[in-house]
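Both of the next two complexes hold subunit A, though its partner changes from subunit B to subunit C.
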Partner chain A sequence: MLQIAGLRKCYGDFSLDDVSLQVPEGCVVGLVGANGAGKSTIIKCILGLTQPDSGSIRLFGEELAGMSQADFVQARSRIGVVFDTCAFPDVLSVREAARIASRAYPAFDCGLFDSLADRLGVPCKKRVKELSRGTGMKLSIALALAARPELLILDEATAGLDPLARGEVIGLLRDCMLQAEEEGCGVRGILMSSHISEDLEKLADYVVCLDEGKVVFSVEACQITDSAGVAHCTHSDLERVRCSDLGQLGALRVLQRPYCIDVLVPDRQAFALVFPDIAIERVGLDEYLAFFLKGDVL
Partner chain B sequence: MEILVSNGSDLPIYEQIASQIKNAILSGDLEPEQKLPSIRSLANGLGVSVITTKRAYADLEAAGLIYSVQGKGSFVRGGSVQFLREERLRCIEDLLSRSLEEAKGAGISLEELHQMLELLAEGE
Partner chain C sequence: MRSVLLSDLSMVRKNLVNGVFITVCLVIFFAVIDGNVLPAIIIGPVSLGYVGLMVLFSFDEQNKWQEMRLALPVSRTEVVMGRYISILLCSLLGAVVVLAVIAVLALLAAVLPAGSAMAACLDECNPGSIVLMIGISLVLSLAATALAAPVVFRVGFTGAVRYLPFAFFALIAFGACIAKLAPGGQGAGVWIGGLLDAVALHLTPLGLGFALIAGMLAVYAASAALSAKLYRGRSF
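== the complex of A and B ==
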């Protein structure tokens, strides 16, 4: 659905450097990284809001750079976008906002918008400025989904939502993808940039991490949640690990803690078999990130 | 169908799913030709990635326990119960041989082993 290869964009003191990522059909790709790492820049390039210096972006199989204006508008209408702020003037009522959106997006389905707004609890008569931050986000999501996009791009779209609301949104996104599979049309791919690891752990199939414009890792989400582990080591434990086959194999990442050294291990079951006496546990996405952004290679 | 996955388990989630489906087939909770949930609806229901459920189903298919029909879904393969029972019998035979070996090595008689087995069964 979306294929980015070798993307480069220079902004002076910041540049995207050789970024490659894909959103395969039927998949949710999570994009993580510190603020300013380049996540929003990538999204802007995908939406044609900014021109990359070099590299390729293929949307629905077609190269973005070579598209005619008409083709681009067509492709763009198949993408739904949700940013972290509601894009509509706040004096409008929800219903008016929906009407404007229906003019902008040819596939906008008003009936679908009504049922999504209902499901998410967005009151149609209220003005946008009267909505709480969380409800404003839900409105943005409902508007985006009502246009029946095939590719959905979410840029920090669940920020500002309370845990229950986030759960509702995640559930909604899951249902959308299931419906798309069963009915043959609808959201078939999602690219979501988020700081909320819990959401990504639940929804993402792949996780791509960006740091200072470069891709630091790109893995299956279950590699992080299911296979990887963090081992809590003393200095002597660390030496044993370093000298073992596991230590020689790949670059193990370590984080110095106040009272021990944490080691990121790609396969915690295998590690536990070789070192049954070293405490090892599942690693969350936040910690996994920390190993790559703040840790060192063993 | 009930499936329980635990992040705290030693087993990877795809293995937990596959082994629970296997057990359900063996116990008859899942019947031959019964349709399984789609890969995505199972993933949604368990809160895991489709990659995980896809892998579980792929493993079950490779083990000959389920089969998939493009566009229709995945189904329990008939004859799986037999097949799994054979597998379990082989496993138990293995364990029993090892127990016999240990008993021999420790000079424990066959009669004592029988008694042990009965006591254990009673305790269940």
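== the complex of A and C ==
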């Protein structure tokens, strides 16, 4: 649905450097990284809000560069977008915001919007300025989904939501993906930038991590949650690991802790077979990120 | 385009309602103070056009609305054209409001005793002079947009750019004051008057009013084309 290859964009002291990623059909791709890592810049490039210096962006199989204005508008009618704030002007009522979206998106489904607003608890009679930040975000999500997009781009869309509401939104997105899979239409891909690793762990099929404009890793989410692990080593344990076949591969990353050295291993079960005496446990996305952003290669 | 117009008009609606009320009050006030409603006609299109210009561009900078709108399936050209049409509609609403005020004043003058202040302020009113004043007013209102909008679409409605429309009107107002108050110098006033007289040799006030509106619309359209070109090259 979306392929990005060798994307570069320079802004003064920041540069997006040779970024490649893709959102395959039926998949949710999570984009993670610190503030200023370049997540929003990638999204802006996809939406045509900024022009990349070089690289290729293919939307629904069509190259973005050289696409006519009319074709790009047509492509955007297949994309639902949610930014990190409710972007609709605060003087508008919820109903007016829906009317504007319905005029813009040819496939906008007013009935679906009403049911989504009802499900998410968005009061249609209120003005945008009267909504809490969380409800404003729910409104943005309901509007994006009611447009019946094929690709959904979420830029920190769950940031303003409380844990319960986040769970509700994640559930809704998962339902949309499942429904699309069954019916063959609807949301067939999601690109989701988020700081909240819990959301990505629940929803993402792939995780792409950015740091200072570069892709640090791009892996299947199940590789992190199902296979990888963190081993809590002493210095002598670390020497044994370093001398083993696992250490020779150069794929292990270490993070110094106050009382031990944590080692990120790609296959925790294989590691446990070789080193049954070293404590190893499942690794969360936050910890996985920390190994890549703050850790060292063994 | 419908989506852009709908969003612009929905955003400016509340401010326009307030603007209409203030415009009506100001037109009546200046008509009574001056004893002539004609100069007060200028207030209508200028004030409501200014409201449209300031309010709409201000909302663009709020809460990433501009980015959100460009993420909708709407082209940048449609956004620019929609904005120019919205501001034109605001200015035209101003013209309609002053015409309505004049109509109400005329009705009141008809029922009040002859020689009343109400009747006196309508003495110089005729269709030609009204259209001429509306033409001048629309020229001022649309010129402010034609001047400011390309800059706003290129760099955003931030910093000094916010004061551009105000600076334009301030320059016109101060220029008129200086021309009138300078010792022995009604220079600018006389020059403009002379120019209008020269044109009036060939055109009636009605024709001159329509010529002014047509000329300004051509400039306005050129400014819209320039804004569209500049906006297409802008990065966010």
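To be clear about the criterion, the second predicted complex is superposed on the first by the 297 of 298 C-alpha atoms of A that agree within 3 Å, B and C clash if a C-alpha of one lies under 4 Å from a C-alpha of the other, contacts with A are read in each partner's own complex, and residues count from 1 in each chain.
As a working rule, contacts are C-beta pairs under 8 Å (C-beta built on N, C-alpha and C of every residue); 3 or more make two chains touch, one makes a residue touch a chain.
Keep in mind that this is a model prediction, so the values were computed, not measured.
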Clash-or-fit label for the pair subunit B, subunit C on subunit A: fit
First, second, both or neither for A:A104, with subunit B first and subunit C second: second
Subunit B versus subunit C as contact partner of A:E181, first or second or both or neither: first
Partner chain(s) touched by A:C222 [first = subunit B, second = subunit C, both, neither]: first
Partner chain in contact with A:T85 - subunit B first, subunit C second, else both or neither: second
Which superposed partner A:E96 touches (first subunit B, second subunit C, both, neither): second
Contacts of A:V73 with subunit B and subunit C, given as first, second, both or neither: second
Residues of subunit A touched, compared between subunit B and subunit C (which is higher): C
Which of subunit B and subunit C A:D118 touches, first, second, both or neither: neither
Centroid geometry (CA): angle subunit B/subunit A/subunit C, rounded to a multiple of 10 degrees: 150
First, second, both or neither for A:L47, with subunit B first and subunit C second: second
Closest approach of subunit C to subunit B (Cα atoms, Å): 29
Contact footprint of subunit A on subunit C as seen in their complex: 2-3, 6-7, 10-11, 14, 59, 62-65, 67-68, 70-77, 232, 235-236
Subunit A residues within the subunit B interface of the complex: 26-28, 174-175, 177-178, 181-182, 202, 204-205, 220-222, 225-227, 269, 272, 282
For the subunit B and subunit A complex, residues of the former touching the latter: 7-8, 10-14, 38, 40-41, 44, 47-52
Residues of subunit A touching subunit C in the complex: 44, 47-51, 69-70, 72-74, 76-77, 79, 81, 83, 85-92, 96, 99-101, 103-106
